[in-house]
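Worksheet for the structure shown next.
Labels A, B, C and D are assigned to the chains in the order they are written; within every chain, residues are numbered from 1.
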Amino acid sequence: MASAPSAQLLEPLDVPPWTRTPGAPILTHPYGLPSSFESHVVRRAARQWPMPGAASSLTPLADLHGTLTPNGLVYERHHGGVPDIDPDAHRLAVHGLVTEPKLFTMDDLLRLPSESRIHFMECSGNTASEWKGPSGLPLQLTHGLLSCCEWTGVRLSTLLEAVGGSTPAAPGASPRWILAEGADAAAMTRSLPLDAILDRALVVYAQNGERLRPENGYPLRLIVPGYEGNTYVKWLRRLKVVDGPLETREETSKYTGLLPDGRARQFAFEMDAKSVITRPSPGQRLTRHGYYPVVGLAWSGRGTIRGVEVSTDGGINWQSARLEAPVRDRALTRFTFDWTWQGGPATLLSRATDSTGYVQPTREALVAARGLNSYYHYNGIQSWRVGADGSVANA
Amino acid sequence: MASAPSAQLLEPLDVPPWTRTPGAPILTHPYGLPSSFESHVVRRAARQWPMPGAASSLTPLADLHGTLTPNGLVYERHHGGVPDIDPDAHRLAVHGLVTEPKLFTMDDLLRLPSESRIHFMECSGNTASEWKGPSGLPLQLTHGLLSCCEWTGVRLSTLLEAVGGSTPAAPGASPRWILAEGADAAAMTRSLPLDAILDRALVVYAQNGERLRPENGYPLRLIVPGYEGNTYVKWLRRLKVVDGPLETREETSKYTGLLPDGRARQFAFEMDAKSVITRPSPGQRLTRHGYYPVVGLAWSGRGTIRGVEVSTDGGINWQSARLEAPVRDRALTRFTFDWTWQGGPATLLSRATDSTGYVQPTREALVAARGLNSYYHYNGIQSWRVGADGSVANA
Amino acid sequence: TPAVTTQTVAMPSTIAGIGTPLDASAIAAWDIDIAPDGRGLPPGSGDVQTGARVFAQKCAACHGAQGEGLIGDPLVGGSGTLRSTAPKRTVGSYWPYATTLFDYIRRAMPYNAPQSLSADEVYAVSAWILNRNGIVPDDARLDAHSLAAVRMPNRDGFVPDPRPGTL
Amino acid sequence: TPAVTTQTVAMPSTIAGIGTPLDASAIAAWDIDIAPDGRGLPPGSGDVQTGARVFAQKCAACHGAQGEGLIGDPLVGGSGTLRSTAPKRTVGSYWPYATTLFDYIRRAMPYNAPQSLSADEVYAVSAWILNRNGIVPDDARLDAHSLAAVRMPNRDGFVPDPRPGTL
């Protein structure tokens, strides 16, 4: 959005140097890489992490298009660094309250019936920067703990079937949970309600067509579509059916939402509907008056996106944006709103509604309900300020 | 498919070194890369090319999962090497028989309404190795001129609208064609029938969420879903509406199919329905008797895949495979057939039927219709031989 | 033309044969989770004094000499702050179960050498952290029984997710 | 709740303002396509003799001294082979239009320096290739008019795609 009008640059048209000389041969990169002109499109950290193995990096959403995130740009969140796992030595144990506990090699898992699904993944800490008001940060740092991929693997229910199913619970016993554990140096663990996720969760070995990347769980990862990203346990080595949550560190010390009365919400798994305008967004600049598409992303952990409205006057008037088909379950959905910039200041907002009828709330409503210290699950309407000079800011 | 049974390897389970030591920090790769254990999953060339800028490399289909091809593994076909184009200096001219000829910068194109669609792309030279019978080659080299991506860009019809549309044709005049030209050192050109592609073709700037890769046309490429890959003109600099095909070198000397009578089919754009088993495939090995999923890909340039049948006895008996949902228009579709390997020799075949009712033919039928020298558009049923030792061969 | 069979998953009964049966002894080294009622706690024990030595040696570099936090989280303090505008969530002020402390230290700490402590060391360092937070007395010695019996100050501080239906 | 508006493309009329109008002179350097009837051929001319010199200097290294092919395609020969089991497709035996030859050489050859030849050189080297294939006489000089008038031996050798409906 920032180059000079074309007319100044190249008229009459020249034959450029890259037409006059042969380019690079095939297999210059047997595994390809982006153009050097795209070197600014990389993951970034929001701050200097004191311990960079227990840290996160974010997806450059403002530079992405469509609905998928290339594997090289999928956000990172690690608690003990990225292990370099030999897939031939990796094992998945499925045990606990099951009929026949088993150990699976990667080859075993590849022999089980698989499926592929496109789903977003969002850290529940995403956009926590905005709880106390506009942070001034650009989109990558406010909303970049968000990615969307095609995941391929084995349904959790299939795996359970391969171990003969859960053992029958005593009448009146509490519903089963399942503990997922990673093989990383944090041996990451989360407890999940088994019945709620059995048909939806996948144990995946591939992402966007190829095997998982190391920083995204190679060789094996759990995904729980719609749930907070921390439950997508990476480097998965163990699934244990249990009779209640294990109250692990990640589900007590972290990933709980402190309320003003000092109590905290626990097991708040699902990601509520949310949306954000990706173009124009902070750091970009409008260069001429006239038509601009206002483009963004919307998603919900509870189903599909039913609609997105956009306001260009700070929330006084709202109009429907176009949603790009297909609108997928628990996946990023692109919206576009046709806008004519007259050259004055403007405040751009987007508001998503999902298939359950839930409407993305304002920051004020979230703060009224949860106070200022609940950190996780911030999904407030985001506003970008367009200046009369075409600059865009998170202000 | 080749490791030793897990029981020999790791029982009782040890805590592996990667759990006992912290892993790599975030942003070890700001733009991520596959695990070193996946270093065999790369593009490869089928032969030594005398001029490696006028050559092709192929997608490692046997190692892929789901329906998408990661950008780093999308097949390459170049005729003048891969240019390194500065997107700020790149222009698209749309001219010829249009009301208002125009030049577009990349910024201009990003302001036009966009859409994203998942489509396969296949070189019509794909699988030409099998015209004369089983080549002995592995899947990557027989079928690897095939990839499938989410493409984002501007519909051809939108671009034409931005130049005021085609000028009206005289009554009785022949239908319009459009010439697409690249900015590479081959200044690649193809003529395409305008009405047939107007609503389907996209001028794309992004692929799988990010900007196109240099070897796939950065910064701009035409895609014509369902048509042979050569028409997906890369490094697109010019679209010219014309009154008939230009009879360029690529549509006369190449991409024409020589028949036994010495005549040749021209403008055979559409890719017929085709399928192939990706697992097990040559070079892999079955290691135990029992259940194996027979997994593959099916696609058609004329619509969706309606069904895939699999035979394990060389074509005597056929049974329906499961298709994985969603089955997308002109996109790769995964199929799975549940097979129990008894340990004897077997011959595995797959046969696709598309939404037009077209059934993938045998090699014999293709040869009977077109002889042995038409080279392009080979879509015969492929067979893989499984030996009693579990080896798999293209024989 | 063939029949159309589009389904997301159909289960061949033969998958029952995939995977290797696993007995409890084979998985012992991995089976380290601990339930909030103490199930899974190993034999062994440790006291506050020993814990102080372990902590000084293996934890203080990252968490501070008194557990006040450095490049690792603060582990001590924050009592009474949860309702304030600057709440301080620590093991002492926030964590509902002592079993979580044992489990997490055993699996993930010290950060630079996870799963390197003996059960006795984990009991001891847990005892020291709880003592610094005023939860167990100076002469406490923790084992499977006594650690499971510790009642954490914020034990009743958690409520279920009220969504959907309310913000 | 908002109205549902799911459509693939809706066209704001304002897109008419996007892009810079382009006149024919501005695009001249790119507008190099040539129609099979000769439209687009530039002024200039070249004869077989001159073409032989250009070819020897700028083409033979890749296509062979006689155009027989090396690391570049053979450009000569193959006449009468199209019906055989070993057909040889060249400019002479296969290409339906001489305009294609001019267009392709001008845009893409020599491979190592595309778009470096003058129009006269392209006419000349085209004349030489056609002459070696027995299509134009030794004393031929080609220009926009005479090149467009060349009738290639395989001019009627192409048929439309009969698919779908037949293999």
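The working rule: a contact is a pair of C-beta atoms (placed from the backbone, for glycine too) under 8 Å apart; a residue touches a chain by one contact, two chains touch by 3 or more.
Small disclaimer: the values here were computed from a predicted structure and weren't measured.
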Key: Identity of the chain that, by mean CA position, is farthest from subunit A   = D
Inquiry  = As a quick test, compute the distance in whole Å between the mean CA positions of subunit B and subunit D.
reply    = 27
Query = Which integer distance in Å separates the CA centroid of subunit A from that of subunit D?
reply = 49
Of all residues in subunit D, the ones touching two or more other chains = 8, 10, 12, 15, 18, 20, 22, 26-27, 30, 111, 114-115
Contacts with two or more other chains, residues of subunit B listed in rising order = 5-7, 11, 13, 19-22, 53, 80, 93, 103-105, 108, 111-113, 115, 185, 187, 291, 324, 338
Message = Going by the touch rule set out above, what shape does the chain contact graph take here: line, ring, star, complete or other?
response = other
Request  = If two chains touch, include that pair; go through all of them.
outcome  = A-B, A-C, A-D, B-C, B-D
Request  = Sort out for me which residues of subunit A touch subunit C in the complex.
outcome  = 50-51, 53-54, 79-80, 93-95, 100-105, 108, 111-113, 115, 155, 158, 161-164, 179, 181, 185-187, 189, 237-238, 240, 242, 244-249, 252-253, 256, 258-270, 272, 302, 356, 358, 361, 365-366, 368-370, 372-373
For the subunit A and subunit D complex, residues of the former touching the latter = 5-7, 11-15, 19-22, 290-291, 306-309, 318, 320-325, 327, 338, 340, 351, 353, 357, 359
Ask   = Inside the complex, what are the residues of subunit B that reach subunit A?
value = 1-3, 5-7, 9-11, 13, 16, 18-38, 41-45, 49, 52-53, 55-57, 63-74, 76, 78, 80-89, 91, 93, 103-108, 110-116, 148, 150-152, 183-185, 187, 205-206, 208-211, 213-216, 218-219, 235, 279, 287, 291-293, 295, 324, 326, 334, 336, 338
Ask   = Which residues of subunit C touch subunit A in the complex?
value = 8-12, 15-16, 18-24, 26-27, 30-36, 62, 71-72, 82-83, 85, 87, 89, 91, 94-97, 99-100, 103-104, 107-108, 111, 114-115, 157-164, 166-167
For the subunit C and subunit B complex, residues of the former touching the latter = 1-8, 10, 12, 14-15, 17-18, 20, 22, 25-30, 111-116
